[in-house]
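In structure tokens below, several structures.
Look at the two complexes coming up: chain A is in both, with chain B in one and chain C in the other.
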Partner chain A sequence: MRKVSSGTKTADTVFHVATGIAASSPVVLLLAIAAVVVVQSIPSIRLMGWHFITGIEWNVGDTYGALMHKNGVTAAAGASFGALPFIVGTLASSVIALLIAIPVALFTALILAYRLRGWVQWILSILVELLAGIPSVVIGLWGMVVLAPFVAHGLGPALTHVGVVIPYLRGPVGTGMGLLTSGIVLAVMVVPIITATTRDLLQQVPVLYREGGIGLGMTTWEVVRYIAVPYIREGFIGAVALGWGRAMGETMAVLMVSGNAINFLPHNLYSPISSMAAVIASQLDSAMSDGSGMAVHALSELALVLLVLTLFTNLLARLLVSRVHHRRRGVRA
Partner chain B sequence: MSQPISVQNLRAWYGNQLTLKGIDMELPASQVTAIIGPSGCGKSTFIRCLNRMHETVPGARVEGDVHLGTEDLYKGDPVDVRRMIGMVFQKPNPFPTLSIFDNIALGLRLGGMRNRGQLREAVERSLQMAALWGEVKDRLSEPATSLSGGQQQRLCIARAIAVQPEVLLMDEPASALDPVSTLRVEELVEQLKDTYTIVIVTHNMQQAARVADETAFFLNGELVEFADTTTIFTNPGDKRTEDYITGRFG
Partner chain C sequence: MKTTHSQWRKWRANMGWAVAWSATALVLFGLVNLVGTIVGRGATSFRWNMLTHVIQGTPAGLQNAILGTLELVFLSTVMAAPLGILGGVYTSEFASARVAKTIRFLTEVLSGVPSIVVGYFGYLLMVLAWGWKFSALAGGFALTVIMLPYILRNTEASLQQVPLSLREAAWGLGMTRFQAISRVIWRPAASGMATGVLMAIAIGMGETAPLLYTAGWSSVNPNFQLIHSQVGYLTYVVWTYIEQPYESAHQLAYSAAFLLLLVVLFINVVVRAFLTRRSLRG
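This part shows the complex of A and B:
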């Protein structure tokens, strides 16, 4: 029998410790971030209570004047932090992004996975990956310079005609900076993420199953519709959740095209909005000058809400996925 | 009424590799024709040319003529060809996300059958023919994948015959099955041959001897010998056939 040298034993111990640290780091990081955000939010939670998520007035108050004491905490006089417009802005813009992105991504992925071959497929696949890597400021810039004018003068006026039947599509269209433009910009960022994942999933559908449909005389579309897409459904839901999280957390691009609405809710599809992420980024600087510190606490609470929402969508997606799994238990590929 | 298949100078490629080197063959109607031969000789490729599955493989190509009765199968839409010529694969491949019932009903629905009662009847009839009805009639809404391998394969047979094709192609349909399931599939072939022209690939010579009326021996992409099964197994005309069936190679 070979003798184990003490050097090997030490290496083994180091390996065990290292893997232990590596394995626990996601949990530790998540807890650490959550802890900071929660602790920082507490004063704001005490000040505003539920009004934080139901109120629409966001006002740091008179930061050079007297301090106000309320609910056991101190804030600048006249301060009020109602985040509903930002919550609605984040949800509405990201949902619009998904409504656009899901069909586009699914269709593109189908073409990439099943229709194209050889170098055409290769080039288009690379393009999708490249699109995913474009910095969000660049997409934001495109949104300001190209997309916003197009929404203001082309797409918006066209959609207002449909507005006769769907009230939210009614004008005025405004400057083009707003909800619809934010949604489209987010869609541009989310499409490559969903497309790349979905393409990989589709390529993993066993040929044997697709041939079962082809051999039965199904058309290409029918094979996709009845065999491939149901087969990847779980993974697809996961990909959409990933994209949704990305869209809700996106900061810069939305900041650039949202129109920076404060203190009102979006009233139609073209209305200026603000998202939680964008507000945190744009307000933090001035919040620092609030001597009571309350403005920073309020932004922390905004971060907390954002964190909870993204975690929630991720969990919801997992839950859906596991329910589908459950229904299909016993599937042996 | 089922029809014969006539194959003329059929050649098939994967990329640049010529895999079928000019096959001429007349497969009689309402009979079982077995294709035998060593692994890699082109049996699967051959029957996949009969329902135009071969061309769905990236880079694959076919030349030559295949007629079903008087109809040229390589003119027109391959989807129509595959509706006329059903296929059962080597590994059972029921639609994994669908129930037992829907596995069979899907093809019928896509073919235009909407009436629920009609669908139920057709599903039951196909399952009866595939000798599976008794085992699944109380669990039609369960996933097809909850069935055993042998049951899944019979479900695939039911799925193929539900749409009433004229020909049934079977590519080693029992090779992944246990002996009992294999026997059931063979019995099934026996019963179905009155209604369908059946082409069955097998590398099991006893199976060919048991189920087939005619047998074709393939070697290296060529048809070496094609005759009635008894002749092939008792009095082959070609030395290579004799070597193969006496187990000298393959």
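This part shows the complex of A and C:
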């Protein structure tokens, strides 16, 4: 047997260690992100306490140097950081996005998985995946120049007629930059994510199950309704949670079409809003002009709230998607 | 014998599929409308001399933004590709099942961190605490955080598809782990790894949020200093110049979006071609 030279052995060890270090980088980055954001949030947490998530007023305060001392920290005089409008904006716009995206994505996935085959299926699947690859700022641009005018002049006025029944749909419609447009733009971004995952899940439904349904005399739709969809339910909810996390964390597209509202809560479907991510991006200048540095800490706390929310939905999503994969092994036909 | 009940069921099936088809049509219409709008307006506003002039020149161009985007993507690829590929190799080849599962999970979690949070993290750590100011390196590092999970996951997944018998053959020849990986195992997985890197580059190019707080903005060409000097990039042009009231500014925004869309779609199509060829070979 050929003897392994010591040089080769060293190379092996070095390679092992180098790959190990590289593999630990996601962990290190995650911990670093969490640690930096938490530590930088502490002054703001001490200043505002729970008012941070219940207050409505976001005010950097006197930027000409007057300071105030409160709860052991120093901030610009009159500073108040209440993030409730942004939290509401994030949740409302992402929920509207899901209300639109869930049926559209599920139906599209059904068509892609069961109604098309061969190269048509291939082309359409690729087109849906291309939609996921389009930069968010480009989707935001489309939202500004095409979607917002459509919402202001077409969709919005049409929906106000329904407003007789549902008060939140009542006008005025405004410029089209607002909650509804943000929701639609976010829906455009999450539909490809949910569709691709759901299509894969639908293709994993054992064909014997579906054939059994057909053999019992079910229509193709009943097979989908009573066999395929219940089979993938958990995975589908996971895909939706994944899309939700993405929608809450999206910055640019929302920033461009939300109307950048500050200091008030949305009062109808068309009112301007702002999301946490968009505020972090748009408040950069005022944060840098705050001599006490408290605005930077407040934005950091906003980033922390956003991080916690998205991590939570992501964990939920992974858990649900992986449960379907485990079950699949047990029942493979 | 046909009963009214079975007719009702057939009608419901037809209605269901009709709704499903219209949802598909809606998605395709959205895609076509989006790409058509950007390509249409972009192609009519794009001038070739935009490639050779900076944004405050006469005529105004995109050269500084294009060079800045290339610099940022280059820097982040140089950092993310080795980290991601080596990390993927470890996860697939060295790690025990539990460690591999943990790494895979944390990588997924990292890819779920909102990009603005990554950008703000870069701002707090590198721009403020380390004193790099708005700079190419800070921007490149923020993009690295975004790109790393894609490369790592793709590398690991394509290595997992290499059959065990190939590894056993290599080990049987007396190769060490390193020799087996560097001479045998990586070859069938190479196109998968390349796919991961290309997709990550496409994602990095289209990102804006991580760069706002780290790369800053500059209206002159990048001077290729790593720290203390700001860089411009294409996505920033799209965002800010569309808000300005001038037609010439809008043309710059549309052109920048057009260029971005073309490059990103091109990379995506190349990647699909890669994948299809691989699956055809079986």
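Simple rule for what comes next: the second predicted complex is superposed on the first by the 284 of 333 C-alpha atoms of A that agree within 3 Å, B and C clash if a C-alpha of one lies under 4 Å from a C-alpha of the other, contacts with A are read in each partner's own complex, and residues count from 1 in each chain.
Basically, contacts are C-beta pairs under 8 Å (C-beta built on N, C-alpha and C of every residue); 3 or more make two chains touch, one makes a residue touch a chain.
Fair warning: this is a prediction, and the values are worked out from it, not measured in the lab.
Enquirer: Answer with first, second, both or neither: which of chain B and chain C does A:Gly213 touch in the superposed model?
Expert: first
Enquirer: With both complexes overlaid on chain A, does A:Met252 touch chain B (first), chain C (second), both or neither?
Expert: A:Met252 contacts chain C only, not chain B.
Enquirer: Which holds for A:Arg117: it touches chain B only (first), chain C only (second), both, or neither?
Expert: The answer is first: A:Arg117 touches chain B but not chain C.
Enquirer: Hey, is it chain B or chain C that touches more of chain A?
Expert: Here the partner covering more residues of chain A is C.
Enquirer: Thinking of the overlay built on chain A, is A:Tyr226 touched by chain B (first), by chain C (second), by both, or by neither?
Expert: first
Enquirer: In the superposed arrangement, what residues of chain A touch both chain B and chain C?
Expert: Touching chain B in the first complex and chain C in the second, residues 219, 222 of chain A appear in both lists.
Enquirer: How about chain B: which of its residues touch chain A in the complex?
Expert: Listed in rising order, the residues of chain B that touch chain A are 51, 53, 56, 58, 79-84, 86-87, 89, 91, 93-98, 106-107, 110, 143, 145-146, 156, 159-160, 163.
Enquirer: In the complex of these two chains, what residues of chain A are touching chain C?
Expert: Touching chain C from chain A are residues 1-2, 4, 8-9, 11-12, 15-16, 18-27, 29-30, 32-33, 36-37, 40, 103-104, 107-108, 110-112, 115, 122, 124, 126-131, 133-142, 144-146, 188, 191, 195, 219-222, 224-225, 242, 245-246, 248-252, 255-256, 277, 280-281, 284, 296, 299-300, 303, 306-307, 310-311, 314-315, 318.
Enquirer: Would you pull the chain A residues touching chain B in the complex into a rising list?
Expert: Of all residues in chain A, those touching chain B are 117, 206, 208-209, 211-219, 222, 226-227, 230-231, 233, 328, 330-333.
Enquirer: Which residues, counting only chain C, touch chain A once they are in their complex?
Expert: Those residues of chain C that touch chain A are 9-10, 12-14, 16-17, 19-24, 26-28, 30-31, 33-35, 37-38, 41, 82-91, 93-95, 103, 105-110, 112-121, 124-125, 128, 145, 148-149, 152, 174, 176-179, 181-182, 199, 202-203, 205-209, 212-213, 235, 238-239, 242, 253-254, 257, 260-261, 264-265, 268, 272, 276.
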